[in-house]
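Labels for the chains are A, B and C, by order of writing; each one numbers its residues from 1.
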Amino acid sequence: MTSAGFGGGSAAGELRESSPKLLMVGAGGHARVLQEVLAEAGIALSGYVAPAESSSLLEGDLRRFDDAELTSDLAQTYLLVNGVGSAGATTARASVYAKFKASGFSFLQLEAQSAVVSASAVLSEGVQILHRALVHTDAMVDENTIINSGAIVEHHNRIGANCHIAVGAVLCGQVSVGRGTHIGANATVLQGIQIGENCIIGAGAVVTRDVPDNHVAVGVPAVAKPIGGAQ
Amino acid sequence: MTSAGFGGGSAAGELRESSPKLLMVGAGGHARVLQEVLAEAGIALSGYVAPAESSSLLEGDLRRFDDAELTSDLAQTYLLVNGVGSAGATTARASVYAKFKASGFSFLQLEAQSAVVSASAVLSEGVQILHRALVHTDAMVDENTIINSGAIVEHHNRIGANCHIAVGAVLCGQVSVGRGTHIGANATVLQGIQIGENCIIGAGAVVTRDVPDNHVAVGVPAVAKPIGGAQ
Amino acid sequence: MTSAGFGGGSAAGELRESSPKLLMVGAGGHARVLQEVLAEAGIALSGYVAPAESSSLLEGDLRRFDDAELTSDLAQTYLLVNGVGSAGATTARASVYAKFKASGFSFLQLEAQSAVVSASAVLSEGVQILHRALVHTDAMVDENTIINSGAIVEHHNRIGANCHIAVGAVLCGQVSVGRGTHIGANATVLQGIQIGENCIIGAGAVVTRDVPDNHVAVGVPAVAKPIGGAQ
């Protein structure tokens, strides 16, 4: 595994010794899962970023920051973890990433201890590999993408930025997935299939043919339609 | 992980040193799997409970007990393991549990060594977590429920008593499942879905909407009908 | 786990110390995955077998052999790894195995380090168990079969020779699969089902009834038709 940028490397190693303080962006279910992944590696949060009116699933008495408090001059003090999940469109999560990157912040890349990541896989900044997920030989995963629990990203996959490969999804060998695409829980994508950008693949779908950009595909076998289209 | 009752705690730890002798209730495929999970933790059975006429898949020359032999005065001598599996209705397994609990017996809670159970998950008496299963952050699993091999119980799930989450099933975050419900092999339940009591979710089903009590739901997406109903 | 023939035993143990040199047959995606599984166990390839005109995904500057170079007198010098994958019909992979066995060669049996293989499972020569796969209690897997990443072969399964249990497939307890059969990615086979020889089970299919020899079965639930048949 190699990495890009400040947040690169496995969470377990460098962070315990290094100076930057960790802030979780978001405080919902995904944020709480990431908090526990970090705790398993002996890493504690210094706080979280969320609006005052939102409730928090995070554990412990953590300092809350408003978005507006995270000004560029703090970008060397705090390293961010993108705790915004997605259950369909991945745009909210992508926006958080883009906004704070524009202010000079970096995002932690993390792998759960029970994940299996090939030594030849290449993971970019902010990628999150959750429990028991598998990222296999020569796979590449671009920035800010989630490979969620139990998902399988097989050999020679190319996964774009800002994707969510949801829980238990199975991507066979040599699949490519464009940026901003959501692959639903326990979906299956056959060997060599190419899926475009900003697509939504339904939970449990079986994708047997290529899917163009901006399409939604559901069913067994999956049938693709333009998102928002009349067709 | 915390636990309830006598059978609580991981099988590996206390039992090797403690006095109660283990009896497997049942002697079929599920019982044999549990026998091996125990063996991996260095724990041997003292016998099993089954009718004289039934055949046994258990390994070794084990003493057989009739149900009638397990009288209340033996409840401190023997700790039970519920080896009755279920492939649909979970009633036989639930009956065994209720009957022996009423006589004062306790049931072992066990986790296979390859299972991944969050430190914040709460497991009750008699819960069985099999190989490579994942029980995630802040999940709760009530008594006598099986989380079978490779199943994923995501963060903040609430799983009732006497359920069977079958092999490879995927329950996304914040799902709730009522008591006595069977989730079929490799089924998928979407984020936040609520499934009632005594339901049967078919193998490979994709549950996208809440399911009321006493319903069966099959297909992609799953369509629910009352169990035994004309509809 | 027990094993049959020269190539038996786990890859990690004996091979580091033993004399036979390893040759990979094939140089595509599956071969590259196996190369990495071997590397994780500290085992390097001595070369690979492929036609001069084919491109290679293997890593490193490896010596290439033509098929014709592997004459019977080299059968004690080289141990083979079947790097030919299959995405549907498993005949090409079976042919490679049969041809070199007829010349006196043996094939390595291997298990990825993250695989979970029961102590009571019986694996034959040339079986390949990939990352995070589970082969459970009292299961038997015959020669040259692939249990691919994340697949679950439950207790008391009987899997024939030359099968491919593809990525993420779920075979419940007491399933039998005849020789030469392909079980598609993330497919589900219910408890006790019997699938014949030379069948193809589609990706994501849910097999709820027995499947005769030479049938293809797809869908949820799976519908079986003779391969090449008019029906």
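The rule we apply is simple: a residue touches a chain if its C-beta (ideal position, glycine included) is under 8 Å from a C-beta of that chain, and two chains touch if they have at least 3 such contacts.
Because the structure is a prediction, the values reported are computed rather than measured.
**Q** Connecting every touching chain pair, does the picture come out as line, ring, star, complete or other?
**A** Graph shape here is complete: every pair of chains touches.
**Q** Please report how far chain A has to rotate so that its Cα atoms sit on those of chain C, a copy of the same sequence, as a value between 0 and 180° in steps of 5.
**A** Rotating chain A by 120 degrees superposes it on chain C.
**Q** In angstrom, rounded to a whole number, how far apart do the mean CA points of chain A and chain B lie?
**A** Distance between chain centres, rounded to whole Å: 32 Å.
**Q** Give the residues of chain A that touch two or more other chains, as numbers and ranges in rising order.
**A** As it turns out, chain A has residues touching two or more other chains at 132, 150, 168, 186, 204, 220.
**Q** Could you please specify the touching residues of chain A with respect to chain C in the complex?
**A** 116, 118-120, 132, 134, 136-138, 150, 152, 154-156, 168, 170, 172-174, 186, 188, 190-191, 204, 206, 208, 220-221
**Q** Which chain B residues qualify as touching chain C in the complex?
**A** 29-30, 32-33, 36, 39-40, 57, 59, 85, 87, 114, 131-132, 149-150, 166-168, 185-186, 202-205, 219-220
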